[in-house]
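Could you have a look at this structure, given as structure tokens, before my questions?
Every chain is named by a letter (A, B, C and D) in the order it is written, and numbering of its residues begins at 1.
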Amino acid sequence: MSTSFFQDMLGSIAERGRYLLDHPATRPVSDRIRRTGSAKPVETIETLSRSLLSGRGEASGVALARQVLDFYASLPVEERIAFFRLLARDFGPDQQRLRDAWSDYDKTPTPKNLQRLLRAVEPPRQELFRRLNLAPGGTGALVTMRQDLLEHGGNDADLASVDDDLVHLLYSWFNRGFLMMRRITWSSPADILERIIRYEAVHTIQDWDDLRRRVQPPDRRCYAFFHPSLFDEPLIFVEVALTKDIPSSIQEILADGRKVLAAEQATTAVFYSISNCQPGLRGISFGNFLIKQVVEDLSRDLPSLKTFVTLSPAPGFGRWLERIAEDPTEFGLEGLDTAPLALLENPDWHRDTTVAEQLWPLLMSLAAAYYLRAKTKSGQPLDPVARFHLGNGARLERLNWLGDTSAKGVREAAGLMVNYLYDLNTIEANHEAYANQGMVAAAHAIQRQIRDLTSNAAKEARHV
Amino acid sequence: MSTSFFQDMLGSIAERGRYLLDHPATRPVSDRIRRTGSAKPVETIETLSRSLLSGRGEASGVALARQVLDFYASLPVEERIAFFRLLARDFGPDQQRLRDAWSDYDKTPTPKNLQRLLRAVEPPRQELFRRLNLAPGGTGALVTMRQDLLEHGGNDADLASVDDDLVHLLYSWFNRGFLMMRRITWSSPADILERIIRYEAVHTIQDWDDLRRRVQPPDRRCYAFFHPSLFDEPLIFVEVALTKDIPSSIQEILADGRKVLAAEQATTAVFYSISNCQPGLRGISFGNFLIKQVVEDLSRDLPSLKTFVTLSPAPGFGRWLERIAEDPTEFGLEGLDTAPLALLENPDWHRDTTVAEQLWPLLMSLAAAYYLRAKTKSGQPLDPVARFHLGNGARLERLNWLGDTSAKGVREAAGLMVNYLYDLNTIEANHEAYANQGMVAAAHAIQRQIRDLTSNAAKEARHV
Amino acid sequence: MSTSFFQDMLGSIAERGRYLLDHPATRPVSDRIRRTGSAKPVETIETLSRSLLSGRGEASGVALARQVLDFYASLPVEERIAFFRLLARDFGPDQQRLRDAWSDYDKTPTPKNLQRLLRAVEPPRQELFRRLNLAPGGTGALVTMRQDLLEHGGNDADLASVDDDLVHLLYSWFNRGFLMMRRITWSSPADILERIIRYEAVHTIQDWDDLRRRVQPPDRRCYAFFHPSLFDEPLIFVEVALTKDIPSSIQEILADGRKVLAAEQATTAVFYSISNCQPGLRGISFGNFLIKQVVEDLSRDLPSLKTFVTLSPAPGFGRWLERIAEDPTEFGLEGLDTAPLALLENPDWHRDTTVAEQLWPLLMSLAAAYYLRAKTKSGQPLDPVARFHLGNGARLERLNWLGDTSAKGVREAAGLMVNYLYDLNTIEANHEAYANQGMVAAAHAIQRQIRDLTSNAAKEARHV
Amino acid sequence: MSTSFFQDMLGSIAERGRYLLDHPATRPVSDRIRRTGSAKPVETIETLSRSLLSGRGEASGVALARQVLDFYASLPVEERIAFFRLLARDFGPDQQRLRDAWSDYDKTPTPKNLQRLLRAVEPPRQELFRRLNLAPGGTGALVTMRQDLLEHGGNDADLASVDDDLVHLLYSWFNRGFLMMRRITWSSPADILERIIRYEAVHTIQDWDDLRRRVQPPDRRCYAFFHPSLFDEPLIFVEVALTKDIPSSIQEILADGRKVLAAEQATTAVFYSISNCQPGLRGISFGNFLIKQVVEDLSRDLPSLKTFVTLSPAPGFGRWLERIAEDPTEFGLEGLDTAPLALLENPDWHRDTTVAEQLWPLLMSLAAAYYLRAKTKSGQPLDPVARFHLGNGARLERLNWLGDTSAKGVREAAGLMVNYLYDLNTIEANHEAYANQGMVAAAHAIQRQIRDLTSNAAKEARHV
């Protein structure tokens, strides 16, 4: 019951927050046109910001923070960026004070001198951001500020410091300990569901009926993280299918009219889509925590579930195949007969059974090579989705031929989809081997597929 | 309605949080005896902490954080302090890396070099604390850690750095923007009301009937701040009486059987008690924000309210009178006849009308001097309650003779109570004058009272 | 806060209720196919019903009630009707007992004998229905039963008694005092919004975007009544537009892209659609209460609102015009030149300005006659919507030429829409005059329009 | 989530309801003094009531109902009773109409004539009560009305009809299907907990600490029924102890400082107190439903629980012993040596071990006789608690010597307490045997105890 008290308490915040949803400060420039400025001519965003950092800020912090945010919201995009430049230039550490603090610390590194150094080195704009957060809706406004900075700040090296400071705070404030996971269902508020439709980034949700197919049937789940200060804005969400087998195709998951399974009969939970929602939080990672929380909760609620697996796209595979076709030696595939790859130029190649059968062994072996061999300059897997799941400690479990026959799937990945397995017993070891030695955890079958390619690169065609 | 969704969402956190209330990590050492350790012999809190900061922490952060917190909770107080010493010694900045970063920044203070410097100077224990917050209940556990450190850390200078880092994080996490104000009523959960009884620090709540008299009548209010991660732990609360006049005595406020006023008929809101609840958050100030939020909310809900004022104790006045009695010259009161002050030695002096009348003019003038003249070495008012309200921009409005005739009130303040006025129109100016020039905003009447004393110090007795 | 306790408490009911939404007993026959019966061969719905009314019912009422409802839900429609026939025949009052009770009461009408008579006359099926309500979801199941009875019971006079008894109970249980009004917004749960789309009976909601236009803008409102035992099933809802003038056309209300008004600037609240949701509650009227509650709430929340008015269809006007065209003497319109009415046969007549101008004076006068003169055999207005609003005490305020130019509006009402005014000062007097003397409260302008018709029926054409 | 919507919806009712808690109509006369009447001189409660039943009631029912309730609330108790007399006399069935309806029905008992008869026989005051329920808070006001009637109506036979009609409605409205069971904990709102303290009727709750001992420990439970229209007024509640054995003494249950059990280790749930809260609902039974719901819920949540049993008082045993002492032949105990019963006159007899040992065999055998033999005139067990539990289908399981050594327990029951066993497998059979043949289900041991008494009534003393 004090649950209720707590809920009620937070409800009042939500009411307050809702009001702020309409607040201009909470919308990025790109969504709005400039408001006709009614701010007093004397005050500028600079004078207001300086006041907020001064004694006035101590007496009337909440009101001043609100004014700064209002002012910011009224600025056109170029003046917003000018404000960031001001912060970069004038709100950094005081050089003299920093030098003095260093000098003392360098001589005698006592706790007290360390503290002085820490205070001297922290750019005052960090405290400015913290004080902006005094205002209701401040957290959302700061997330929007960072979105503006990322979208419109260009490559201005000076602005990097401002972004560093924003990230430093947001990383601390969006700590997993402050996030709440919540199941999204067909009884969720329509405005939240509408955001799910809008933010879905992997397999587009066509309309409300499509959405309903993903959240209402007993063998479908959707979970999202929320933050108390962005109360009805999901931060990230994942869509899950409960099945009896590891699926090999996204079309069977999304099909309309498919046979529905009772949740208690499912043995496998399939993460088939995960989407970030807040551009202003780019680089602050929630996916790892979300997936593991869902695994934990589903394991407890549905003991029959034994396998937790993704059905994931291979977004870089198509581009990589083009590079292979141009020059197989780039990836050590000397002697590979790349001629069949020309067949991929026809976007409907996969509908022609003969062509598909001809390509199958080559593409599957190349897929194995793509995952196990193709690396970025820094030695990580070329595929960004692979980097995410392998970094989480998952294992590459299976390559699925024609797993996604949508136009996008064929274009970007020659139809390839893959499964990553989340096995709580091996997650730590996988993660460590990956992080320390760059080892890609993969099922034996996939490792064998690549061996075929390398030993017999030239003879592939025969396998058909 | 999405309010409900939000409430519901947070309700699940509350459930989780409730579970953690029983978690040993969320209780300070002083509340418990040592649990018989069942932790594996190999792992120590040091190895676990190092793991949490390493790659393992990235793969299994939530679980590892929980283990560290469990381990900490199982330690006796001296080993907890030993853990803090370890953090002070071994989890500070890497000296070589810091020196290199400084050297580069000193030569070319680019954003990139500033970022490197910031990273090099931040003690790794800060990140350790952030990662401990991954675990459910982590925030509460960190607040408890700081309480342990304050209570049992002694004057160990090395531990100051650990405290600095904890304060740095808690200051950021308990930002006003994350707090929720909530009214406390007779319909609030009993466990929260029980905490109100326990935490009341100014005018002790005797029992449940006394509590009810403070929260149930229509002319009484109580408000508290809460934090989403300490869901049913109030951080600070304030008690308010709605009246028709500025009250001059706490006993009339707390009286049983007094006449109740309809809220709509009140013109004055009196803050008569404000208490902090969390020793682990000492130094992170909420009172200013709470009072101003209550002023704002009450103004909106009850437009008939025109005056916002406190009825406050004068906790240092009694001690100061003793010093005056010993040596009036210490505070520039040469020539003052301090003989009558000897009457105060009888704890029942105030019941004797003759004595009281004799003391009245002297004590009231001395009270004015106490507030307007008596300063600490750093030039601030001697009275801690005065420092708080004046720092908030309030004005010293009235001195109340025999405002608190409880044993404590007579002993600590010779019965004196004072009113501070919160006038939103002058708060900023008061604050600035106080912060910059040390000026104490006070009603003219009080300034006059002190003039009496100084011009006629020796003739005081005549006034009776 | 005990609000929260209460909400929480009811939340648990909702959880339980949700489960029952999938319960077959809560769906009418028409929505389902027969389930393969797994009920024990020995028990029939009759034996179970008799048990429920007997001592077994007292010991295990909840479980038995659930069994009866399950059994009922498994029956095909004809067996359901057979069950109702059984109730009509065998669960009526015991004739001998009734005769005895009457005989005693007739001799000595004491309270005790009245009580005996009341008990003897009440059909046992009423108690059966009350006991069926012991089971979770029972209320919903009984509403469904009545829907079955109305849809499939035909004109069987014997079943009238069963319907009487159901209505008697439902009328008592769905008393206004038990209903809760709730605003429907774009943050409402999607499943409830989906029902709003489905149940809208006046101006079809095309899709989710159309729905959003009716619930999200600040100048739009939607309110519904709910019952605690049918927790997420709206019983009735009304759609409201906030405007600056009394609107004359539904198309301007529903237009996409129209200019949105700030709620505080509106002076007029327009009820433009009201729909019942539960066929099983036919004849139990909620509309009167809903409209008046909305008037009360909106008046309080938006003091600028001065006018409460409907924009209503005239569903019987088209049919009545046909009858006039055939024989104007039926309604005392001897001598009326009905020839122009033939123009209405072209469904696009209203798009031809010349035709429309020609018809305008005749149709408007006839409309006035339709509302003020055309009566049913029992002396009530012919138009069912008029009967509803006049019965509520509203006044016929304005006739709107081409107020609804949708195909349906032109076909059923020659495009006519009307406004009824809800003026709290005259509601009672209007109602009494209407109920007792059949007087239709109407604006003077409308009364004048009819005078034109009757005095100059033959000269109408000149007015163009 | 639509749970939340539903909760939210009901929250608004609760707010409305809370307001009404202060409404005079919701308090019984006995709690208040008369308000100085400000009702218009012309209207009386009679004219208002007649208006409410008339056409005016249809137009403005909610407002009129509120007026009647306000008026009623302003009346002193004697005028309230006068109002009931008016209802008895003037709001009964219309005799002529009833006679006509009977006459028609008697000739041809068609459904239509049955309906007419039902309508003619129903006293109009029933509809008046239903319309009073239109007003917010109406349900509570009607419950209060009945409380007034019961407390102050005396033995006036004419008022019986009014009570019949109230009971008829309340029985229907407080149907189990509309009640919500809710666990009461230490996090429940203080105002509800305060009511629990006040309403506890079996084992007085001394203070808040005593209450806490009954609701906070993990091996204690408290559950209550609530009704949506009396939102924070419990109707009935039961207190439960989770134990490892069937307890034989209430003092061990209520002891302060006792050893607490983890809920998961308990095998037995003990209902040790059950109290009705609303005098106005006397005779409408909830206890049976509450106990069975708790059994069901606890069985599901704590599978280790195998035994559900009460620890109950024997409130009539003391009085019965006095009657036996006077004349053992009244209960067929000819030849019984009742001399030892004189020892009971000393209220401290049970503290004297010798006396207690002497009395033990006699009292235990007499206790068995009390439960198995002592009957009311209508053949039911003399003990009211026994009638309740046996009527629910429970079995008398054990007699506990000195189970309640409180002053009240010794005085009313010579210290006897008993356990009734709720075994879901035998509840129906027990109930039927009890209801139809008056058979008391009792453990063999108890049946044996009585055999001892009857065969050896005179030799009892030897058994010591």
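Criterion: a contact is a pair of C-beta atoms (placed from the backbone, for glycine too) under 8 Å apart; a residue touches a chain by one contact, two chains touch by 3 or more.
Just so it is clear, the model here is predicted, and its values are computed rather than measured.
Of all chains in the assembly, those touching subunit A and also subunit D are B, C.
Of all chains, the one whose CA centroid is most distant from that of subunit D is A.
The distance from the centre of subunit B to the centre of subunit D, each centre being the mean of the chain's C-alpha atoms, comes to 49 Å. We define each chain's centre as the mean of its Cα atoms; on that basis subunit A and subunit B are separated by 40 Å. Separating the CA-averaged centres of subunit B and subunit C is a span of 59 Å. In subunit A, the residues that reach two or more other chains under the touch definition are 1-5, 7-8, 18, 187-189, 191-192, 232. Every residue of subunit A that touches subunit C in the complex is listed here, in rising order: 1, 3-5, 7-8, 18, 186-194, 208, 212, 232.
Within the complex, the subunit D residues that touch subunit C are 1-15, 18, 55-56, 58-62, 88, 92-93, 95, 99, 102, 106, 109-112, 114-115, 117-118, 121-123, 130, 133-136, 138-139, 157-161, 164, 168-169, 172-173, 175-178, 180-182, 188-189, 191-192, 226, 228-229, 231-232, 288-289, 292-293, 391-393, 427-428, 430-432, 435-436.
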